[in-house]
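Structures incoming, each one as structure tokens.
Shared between the two complexes below is chain A, which has chain B as its partner in the first and chain C in the second.
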Partner chain A sequence: MTLSRRRLLGAGAAAVGMGALGAACGAPAATPVPDGVVPFRGEHQAGIVTPAQDRLHFVSLDVVTADRAEVADLLRRWTAAAERMTAGAETTPGGATGGNPNSPPDDTGEALGLPPAALTLTFGVGASLFAKLGLDPSLVPPALAALPPFRGDQLDPALSGGDLCVQACSDDPQVAVHAVRNLVRMGFGVTAVRWSQLGFGRTSSTSTSQATPRNLFGFKDGTHNVKAEDPDDLREQVWVAPGDGPAWLDGGTYLVARRIRMHVEIWDRTSLAEQETIIGRTKGVGAPLGGTAEFDLADYAAVDGTGEPRIAQNAHIRLASAQALGGVKILRRGYNFVDGSDGQGHLDAGLFFVAFMRDPQAQFVPMQRALADADVLMEYIEHTGSAVFACPAGLGGGGYWGQSLLEA
Partner chain B sequence: MSRTTLALAGLSVAGLALTGCVSTAPAPDTGEGGPISVTASDDACELGATEAAAGTISFDITNTGSTVTEFYLYATGGRIMGEVENIGPGLSRQLIVEVPDGGVYETACKPGMVGDGIRGAFTVTGSAQRSVDTDTRLAEATAGYARYVASQVEALVPRTQEFTDAVKAGDVAGAQALYPVARTYWERIEPVAESFGDLDPRIDGRDDGEPGVEFTGFHRLERDLWQDGLQPDSAAVADRLMADITELAGRVPTVELTPLSLANGAKELLDEVATGKITGEENRYSHTDLWDFRANVDGSRGAVAALRPVIDERDPELGALLDERFAAVDALLEDYRDGDGFVLYTALTPDDVRAMSDAVDALGEPVSQVAGVVSA
Partner chain C sequence: MTLSRRRLLGAGAAAVGMGALGAACGAPAATPVPDGVVPFRGEHQAGIVTPAQDRLHFVSLDVVTADRAEVADLLRRWTAAAERMTAGAETTPGGATGGNPNSPPDDTGEALGLPPAALTLTFGVGASLFAKLGLDPSLVPPALAALPPFRGDQLDPALSGGDLCVQACSDDPQVAVHAVRNLVRMGFGVTAVRWSQLGFGRTSSTSTSQATPRNLFGFKDGTHNVKAEDPDDLREQVWVAPGDGPAWLDGGTYLVARRIRMHVEIWDRTSLAEQETIIGRTKGVGAPLGGTAEFDLADYAAVDGTGEPRIAQNAHIRLASAQALGGVKILRRGYNFVDGSDGQGHLDAGLFFVAFMRDPQAQFVPMQRALADADVLMEYIEHTGSAVFACPAGLGGGGYWGQSLLEA
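What follows is the complex of A and B.
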């Protein structure tokens, strides 16, 4: 494993929380891994239960050829470059400056000198890929079906869907952008970017080693997220099991992405009491209303002095709770975004919701339906983009992204 | 004018590179069975023979049609082995071309001087005696591209004359029709023209509103013709443009071409498409951007095609990929053809523009690899 691209300056500092990494990935590394490097290969793809990094660059791509061999060739090249980049290296040895001076460099170079920064690259395929490549319809997982419309959706087709996705997460935004940019470049002629999204702050913790972060409404988000340390939850709620669908996805998971615009200016004019009622938690410590600490269990039966439920019937945390949804949970891994402004004096801000689950139809759909129909928060937000991808299991030695599907 | 100042590396203004492998002068006796007759009508391109031995091949082209025509001989990848342009109705011209290597070539008559023309296969047998090393191939590449540039300049001058004459005559509709036609020849060789740092802004500068910079050339007349109406000084601007184009024609033969400058020029032409034409910025008043788009791609292919034997020698897969990606752009542009030209940029939907952008991105990557291959 070469670290020639980046000299690992500050790698120690970047390794905060990495002590939990082997366990988090469910596949303890056989050999010591350099600080700040998340192993690329393993039982499951990295970037799912990996402790959520600080930054995101997510890209959805369309395949622009019907030639399966061309796509397979690209996926092989992507895999090799991705493995090198997650190890802190250039896309090719000497790729940034070591080639023919009359040729454009293989690697774009902006990550030279930066640490690996816990970069993970997570790959998925969308439902639209199958027909485009003429893949056998029996390979399409039923759970990959299009999401139904939800009340209040304002989906922009240009911010939705896609044949392939790559989620790049890192503690350094430039490392994430470098990875996506280089993969996009390698894909020209085979793939074209459909949409991409930058996220600057994680909104979920995916490990008990992490503190719960806040979303742009100022509230802690993901307190009761599925965590890397919950093997039962991961098995039941996140990883696709044999028999769930076509075998190529066994050990994989589904990624649901929703670009959620948040009208922060309106929210900011809402009283603290109203904000807490809408969410169902205190803004300060994040305790469920009626409780005192963040991880106190919410008491949905409690009533106040007037007999009203202490946590409102339409509070966000009640509607989204496993209790209200028959035990359904998802592993959230979203990021805050601000994409400049909207031309009307408001920030184009929000939450890029990313969640992993075993079956979107059985998990995301009922949850989102409950929220769309009743959540007062819907007055402050609108969903502007949507996509579902199937993320195959992790790669063993020599395998490439999508191999289990293309060679099924 | 490109916003990125031109880095046609090695394209210096010195030395003469226009070697005369092709001539349209009266033919010497080739002693190889005599010239092959070509009868070019409005809808046919009939050759007296479709096979010849390697070496010097002569064609006698007679235009029996009603419109000006051209005749081309192409090698693999659209490489121009030789061409004759501007053959008026009823006139005959001769093309003498050196074809050292046997193989399958393609002839084309282009009535109206537009489009792909009427194509036909042409077989060259045997191989002329010569020793071909890489240096020879590279020298042939620059010589071949110099022929291409010369042929474009040869058309640019009269087309610009017609355009500026129409402006001076106050014929707005006529000038509007001629504007994208004249620009086609300019846009095909823009990297060469841009190597003259003083001429390029005068000929092709855009109205950026920069204080103290005189706005002249094609785009100034474009603004007059489409937006402001002809101005008191429009005729003077037209005269200035014609004088600048004439000066350009005189200076082009002094440009020293290198394989690297060809390769970089091919890439820069696609950069122009990506940043100026696909965005509709170049022709902001006339919206004839797809004409320029077509011409930039033609010019890029002209340079790549000249280098093709070297590319095939060193990286055969790259040549095939270039063919595929150029063909995809061609096919896409044909969807927007309107008569002899193209629909206006304003008629394009965001999806149309997106498809063009994808195709140019797909082509730009392999074209950017050519410089490294030919300089390796």
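What follows is the complex of A and C.
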């Protein structure tokens, strides 16, 4: 991937065109083309089933105006900028418009010369937006209701919620940070940063083409994640269908974010056997206990020589399994983070959990309740932030982020 | 770079052997060999003139014991672990020793299967260590004296100082984080994390083989940095020579770290022409004003049609130039960071400045004083953390981190 963002202008534009064409034919959101450009427009937003990129910059924003037209204007400009940035098309130090040297550049420049690096930008709206903009209450999807409190929650309001979100994923963190920073800059006077989170390494695969990465407990994470290659799972578990709720979200999905502090120091003093019992998998290859390879199906009925279940009743993988949850799955797309230290001699490290699903109330809530109530892993982690956003369908048919809602 | 850490065990060990051999022959610290292993042992520590890797995890630690033998024991164990990790040699989920399943693993595992990714670990000691361990005051290098206050400093004690530091650099952030986390884990009871900093993108080149990257102001940074290929600069500006101070630091260097918050929102509202005037270079190719290419020498005497200097008297590059500072240079090795948001609607982003030099009092202090007093850039930045560490010579001749000091 050695093409510069500048030289990719032509190729990027062509790829975007192909993406739109694919969407018009009803094809799923496209995967990266060889030059590292993920098409911005498609049936669904990019950055959901796109093979999870290596790095994340996530931002939650508060809208600081009640003027719907101002917000719509910003969303139009954001959409144009997002389309330009994901195509890798910075053209001059003055920005896309060439640049009057006596004006502030319309691009901040730190990604000049960098490749597109599979940048995706995924947009969502929080439940708090509706009242703020005086939108009709019938437009609030019931599935966007606030999450209930879970046992052990230690949520910091300053790291939770938000009226809007943008998830920037890229294989180059500077490209992801550049994109968020430029959207934040454009939002001045209309939006303000509520919280933001950098993720340095992916913890999930969203495609069978990817190896399963490891989280900061050292275990492979997301072996049985929903994958882009399973159309049934995507239809049943991820995409909002007509009739699920208000029509503006048809073809969209919900994003649940949880900032999970991991007390790695305590985990690191736990024996290997105990770690594997808590998770229900081996640490090395990631096989379910009793199996030998990562993708072996877990045998939850198997018992050991003493009649005890081979995979404990409260093992993490059992509690979170589709079997235990009546077929419920989610598409996880989280990232490891380290946010400096905690002032008490420890790293402030963990998992920024991001997952996409068709209905948080029917999917995330029962899963998280089962884990919060019984998972021994809860002794080693702490949920410190939480947010839910509704992410509209893709813009394959034209238009701008949020148009289906603001013009509903 | 597709070899796993496990499969690299043999190759890594061989590379380390070659590094030690190189050092014995008086060769400079080696650059990465093709399999992504940077030799741990050499005449100088790795991670200084090593071509700057893409990602950083830096940790400053307080020693929480006064027992010198305990500290020496930890430093011995740290050295063995550092040598193992930089060679990419995690072998089992139990760690290097294979692992008793009923004991905590001796490696935390999240880098299992990852390539060595050019990991380097660079060790330093702060001035506060000497009194804490009751070391002879004659061992304190005069050049390790506290930095004077600079105009505009907004230093947070919680982000400053420290008894020990480890700089982990790698092309894979998970590899860098894994290394720091494991050293922190091993230090339990002897050291505690004082502060740590993740850097997502390098802002300097330390080799002529590298392109100059951009900082978060969008400008190329470090065009005339000291480079590994200039033995005169390294000898005069970077490595501590016999007679400079106490002998335990001969062949070492000093590390100056400054956490620099950048008020990118204000910068982004400044015109392109003003930005270029403040820096003294063009934003696009990074040419000095009046020049056309990045590596053109700045002509500080040139005037424009009205007789004004083409490069302003207070331009950043003029104030920081070797010409203005009587020949003083430093080897910069900094990283861009984003640490979430500031609670006031803005990103908490900036530059984690790291530089290596032979004498901070004679090099960093006059440079920073000149910038703090006259650089217009100071209106856009804020120094929020500061530390100085003495980094001993490499371990090409054997031994452990800090041995030359503790056994002096």
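Methods note: the second predicted complex is superposed on the first by the 365 of 408 C-alpha atoms of A that agree within 3 Å, B and C clash if a C-alpha of one lies under 4 Å from a C-alpha of the other, contacts with A are read in each partner's own complex, and residues count from 1 in each chain.
The rule is short, and it goes like this: a residue touches a chain if its C-beta (ideal position, glycine included) is under 8 Å from a C-beta of that chain, and two chains touch if they have at least 3 such contacts.
A quick note: this is a predicted structure, and the numbers were derived from the prediction, not measured.
Once the two complexes are overlaid on the shared chain, A:G189 sits against chain B while remaining clear of chain C. In the superposition on chain A, A:S103 makes contact with both chain B and chain C.
In the superposed pair of complexes, A:G398 makes contact with neither chain B nor chain C. Comparing chain C and chain B on the residues of chain A they touch gives the larger count to C. Contacts of A:G305 after superposition: neither chain B nor chain C is touched.
In the superposed model, A:G326 makes contact with neither chain B nor chain C.
Residue contacts after overlaying the shared chain place A:A273 against chain C, while chain B stays out of touching range.
Looking at the shared chain after the overlay, A:P242 reaches neither chain B nor chain C. In the superposition on chain A, the residues of chain A touched by chain B in one structure and by chain C in the other are 64, 99-100, 102-104, 185, 188, 192. For chain C in complex with chain A, the residues that touch the partner chain are 55, 57, 59, 62, 64, 92-94, 99-105, 108-113, 158, 172-174, 177, 180-181, 184-185, 188, 192-198, 200-201, 211, 213-219, 264-265, 268-273, 275-276, 282-284, 336, 338-341, 343, 345-347, 349.
On the chain B side of its complex with chain A, the touching residues are 260, 263, 321, 325, 358, 361-366, 368-369, 371-373, 375-376.
Taken in their complex, chain A has these residues touching chain B: 64, 99-100, 102-104, 185, 188-189, 192.
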